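Both complexes below contain chain A, partnered by chain B and then by chain C.
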Partner chain A sequence: MYITDLRAISPQATFDAGGLQDHPTSHSGNKYNAQEPDYAGLIAPILLRRMGKSIRMGIGAGLPLIQNQRNIDAIIIGSSEGGLEDCIKFLNQIVLYKEGTLTPTNFVQSTPNALAGSLALMSRNTCYNITHVHKGNAFENALIDAMLLFEEGKADTILAGNVEEISDYNFNIETLAGQFKVEDSTSENLLESGTPGTVCGEGASMFILKDKADDYLARIVDVAQISYPTEEEILGLIMDTLKKNNLRPEDIDTLILGKSGDSHTDVWYTAVNRKLFQEQSIFTFKDLVGEYPTSIAFATYLAACLISGRNIGWKLILPPKPIKHILIYNHYKGVQHGLILMSI
Partner chain B sequence: MTKNIYITGFGCISPIGLNADENLRSLRSGQDGIGRSLNLQSRYSELKLFGEVKADTNSLGAPIYFHQIPGLTRTDLLAFTAFNEAIQHSKLTPEEISSHDTAFISASTVGGMCLTDELYADANFLSAGSEFVHSYSGAAHTLQIAKFFGMKGFTNTINTACSSSSNAIMMGMRLIRSGRFKRAIVGGAESMAKYTINGFNSLQILSENKCKPFDIHRDGLNLGEGSAYVVLESEEVCSHKPHLGRIIGAGNSNDTFHPSSLSENAVGVTKCMELALMDAHILPSDINYINAHGTGTQNNDQTELVGFANIFPVIPPFSSTKSYTGHTLGASGALEAIYCIFSLIHNELYPNLHTVDPVPGYCESLITHFTPEVKLDCVMSNSYGFGGNCTSLLFAKS
Partner chain C sequence: MDKAELILNLKKQIIQYVNILDYKPDQIGDDLPLFGPDGLGLDSIDALELSVMLEREYDIKLTNPAEARKIFVSVNSIAEYIISTKSSE
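Up next is the complex of A and B:
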């Protein structure tokens, strides 16, 4: 399937595609917050005031893409948690008011399918509408769902994307679970830190996918995922995925790896790199946008910009050889692993 | 030519039974599972009526606790119980369960947030970190099961609110049709939680009485809990097994009306049924029974009836089995799918309980008594959720 249009709201200046900085924005500490655009003109102020951040970012990135299409046959979102800020607001109200009379807004917005529902509502789109919440594989599963719809002949054009927000809820819980760095780090030294833990990111990346397209930015050739694998199984899954698409490891010229700076789990990337891909140009993205369950959606955005030459917001340093095939390999906490194979 | 996709096993735990046989007995005898809550620590436990699974969390955990898996929630335990029954019913081998050819798609709305108080403490840094810090998300139960059974195929969790497990079933069917997988274990799990109860209470749709779907005096829903899984298999891998039924089609649509209520003219409800019928290449007149969403709220039931009238020149027999179980949210689509399969296997229909004054003009075919010896070839099961999500599934005799 083909990516013909895309938009991202991220901790980088990805949204205002007019600008071009020399370098990506540097972040420090454990929270890489999104650079949100001015939503005026896109979302009515009365609606905007009531929207949680995840819905706001998802609408901000997704709605303009829908509006630029004549017709959309499906809206498919991958999001591990949806509106967490609304969730904790409602949770705190339950405790604070001792289960008294509460207002439902936060509750209704906290359901992870509130974004897909709002995109449908705001664009009057009655078509297939699904939210995959499978944590570290939620975005991969959204793409697989889109591939199925195209194969079934039930769609020509699909909006697919992700959203995840930093909230007190997930940041505190993940801190207790040991997910983040104890020491200070910056974008520049995160990946070489050699210490446990990573940093928390957020964002929404949205894509217009088409079954057939003459004019497109990049092609998504295949998507695969696996949970709780051994190293052998990951290497096997990569080889099988390449073989299925008549490719060998040496045909891949560019790798995008989900290195997060966590010394415990970055070993997966080292193994894949060392054992299968030694000559390839390598890009990383969690030094740009932080770690979150559906961050592979941003890697897909980066890959599409690398392949198409589209302005990502800063000057990308391209490899000397032209890019033909990109393999994205990412995992979340070493548990859920995903592959996305992209081509020109 | 599309291959047949057979149901070769199922398992469920609900307010009307701790396994599938107990559920069937209750359905036949008209015994609902709605009452006060015994397990829930909430001020509403005594004020509202609920469809609670009649087992405390410790006894649910007994078969699994000795494996010493940390952080198991009530949602996880309900899921394990139904999943285990389903794989045993289908006689799947450990190799088949862990195979790359097997997909596992589950669903939940509350997930591990059933532990509302632990969550509050962890999320507000009021604890040093409970054993549940990895347990809260919607996908936690799916990952626990995938890990326990060493599942190496596709795994997924869907949350489209109250239609979640119907969409899990739909995706399982599509994955098998595509040829990517030979079988799919599909369903969902939901446990009652202070979080959801307060949410539905804030929307003022929780009833203090046993819900009475499609009654003119209906006054809201009873929240419920449970879990249900169905094993779907492609015909080439299940020729040696009993075929319990087939899944023949599904449709999903968005109502595009409101985040938490349905449109008067039933846009999404109508379209999802239309799409399911087209998907299965059958006509409205082929449908012999509808397991309605039928929550018992004014808005839902009225819209659903308008949707039926939009599609069916003559509305087929229908009932809402939520009058037995309450609304089990993320588990309801899968649970009601199993009830539909019971109907197909045994040629009988289970009634809509507690309804005294059916909505006039629509309810001539509302089933209000257990009805054995009916001719059934094809049945429909509908689920609608927040965010306008509407799903219709179609099952047929083998």
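Up next is the complex of A and C:
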């Protein structure tokens, strides 16, 4: 399937720049907050006042793409947590008001499928509408869903994307569980920190996918996922995915890895890099946008920018030869692993 | 609490509950319609927020939707309803 248009709201200025800026934003501390655009003109103030951050970002990235299309046959979102901040506010209200009458807004905004529903309502789209919530593999499942719809001839054009937001409550809980670093780091030294934990990120990346296209930015060739694998199983999955698409490791010229600076879980990337891909150009993205369950969607955005020649920023030095095949390998907490094979 | 003080408090609370934080209390007229294009432009979700506000702030629980329609006409009508409910308790 083909990516013909894309938008992202992320901790980088991707929305306004239409790619990554020449000098990406350097973040410090353990939260990489999204750079939200001015939503005036995009979202009516009467609706915006009620939207949580995840809905705002998802609508902000997704609605312009829908508006540029004549027909959208499906809206497919991957989001592990949805509007996490509003969800936790709602849960706290249940306790605070002793299970009495609750204000509906936080509940309306907090469900993971609120974004896909809002996109459909705002664009008056009544087609297939679904949200995948498989935590660290939610975006991969959204893409697989899109591929299946295309294969079955049920869609020609699909909006697919992700959204995830930082919640202060959840950040504190995850920090106690060791997910995030206790010491401060910066974008520049995150990946070489050598300490446990990573940094928390957020964002929404949206894509217009088509079954057939002459004019396109990049092609998504295949998607694969696995949970609780051994190292041999990950290497096997990569080899099987390449073989299925008549490729060998040496045919991959660029690798995008989800290295997060967590000394406990970056070993997976080191193994894949060392055992299968020693000659390839390697790109990382969590030093730009932080870690979140569907961060592989931003890697897909990055890969599409690389393949289509969009601006990709100072730290990402282009390889000397043109890019033909990109493999994205990412995992979430070392548990859920995903592969996305992209091509020109 | 006299009615003027109640109306001022209600305006502050409505701004918070329906999340129109760019409004100031003096921008909301006492008799300005809360719903519809000629007034504040609130909608059905806001009506639920106002019901929750009455329950939490004034310990008044609305059970009849038809009754709510008459009460939530303006800040003035809400204030009058609160005063009459509290005086009959």
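FYI, the second predicted complex is superposed on the first by the 333 of 344 C-alpha atoms of A that agree within 3 Å, B and C clash if a C-alpha of one lies under 4 Å from a C-alpha of the other, contacts with A are read in each partner's own complex, and residues count from 1 in each chain.
FYI, contacts are C-beta pairs under 8 Å (C-beta built on N, C-alpha and C of every residue); 3 or more make two chains touch, one makes a residue touch a chain.
Worth saying up front: this structure is predicted, and the values here are computed from it rather than measured.
Participant: Of the two partners chain B and chain C, which one touches more residues belonging to chain A?
Facilitator: When the residues of chain A touched by each partner are counted, B comes out ahead.
Participant: Quick one: is A:Leu121 in contact with chain B, with chain C, with both, or with neither? Answer first, second, both or neither.
Facilitator: After superposing on A, A:Leu121 lies in contact with chain B but is clear of chain C.
Participant: On the A-aligned overlay, A:Thr14 touches which partner chain: chain B = first, chain C = second, or both, or neither?
Facilitator: A:Thr14 contacts neither chain B nor chain C.
Participant: Just to be sure I read the superposition right, which of the two partners does A:Ile46 touch: chain B = first, chain C = second, or both, or neither?
Facilitator: In the superposition, A:Ile46 touches chain C alone.
Participant: Go through the superposed model and pick first if A:Glu233 touches only chain B, second if only chain C, both, or neither.
Facilitator: Touch status of A:Glu233: first partner only.
Participant: Based on the superposed arrangement, let me know which partner A:Pro104 touches: chain B (first), chain C (second), both, or neither?
Facilitator: both
Participant: Shared contact residues on chain A, chain B side and chain C side combined as an intersection?
Facilitator: 101-104, 108
Participant: In the complex, go through chain B and note every residue touching chain A.
Facilitator: 42-44, 109, 113, 116, 119-120, 122-125, 127-130, 133-134, 136-139, 142-143, 146-147, 150-152, 154-161, 167, 171, 174-175, 177-178, 194-195, 198-199, 201-203, 252-260, 267-268, 271, 385-389
Participant: Using the touch definition up top, name the residues of chain A that touch chain C in the complex.
Facilitator: Going by the criterion above, the answer is residues 46, 49-50, 97, 100-105, 108.
Participant: Show me the residue ranges of chain C that touch chain A in the complex, using the header's touch definition.
Facilitator: Contact set of chain C toward chain A: 17-21, 41, 43, 45, 48-49, 51-52, 55-56, 61.
Participant: Help me check something: in the complex, which residues belonging to chain A touch chain B?
Facilitator: The touching residues are 75, 80-82, 87-88, 90-95, 98-99, 101-104, 107-109, 111-114, 116-118, 120-121, 124-135, 137-138, 141, 144-145, 148, 151-152, 168-169, 172-177, 225-229, 233, 335-336.
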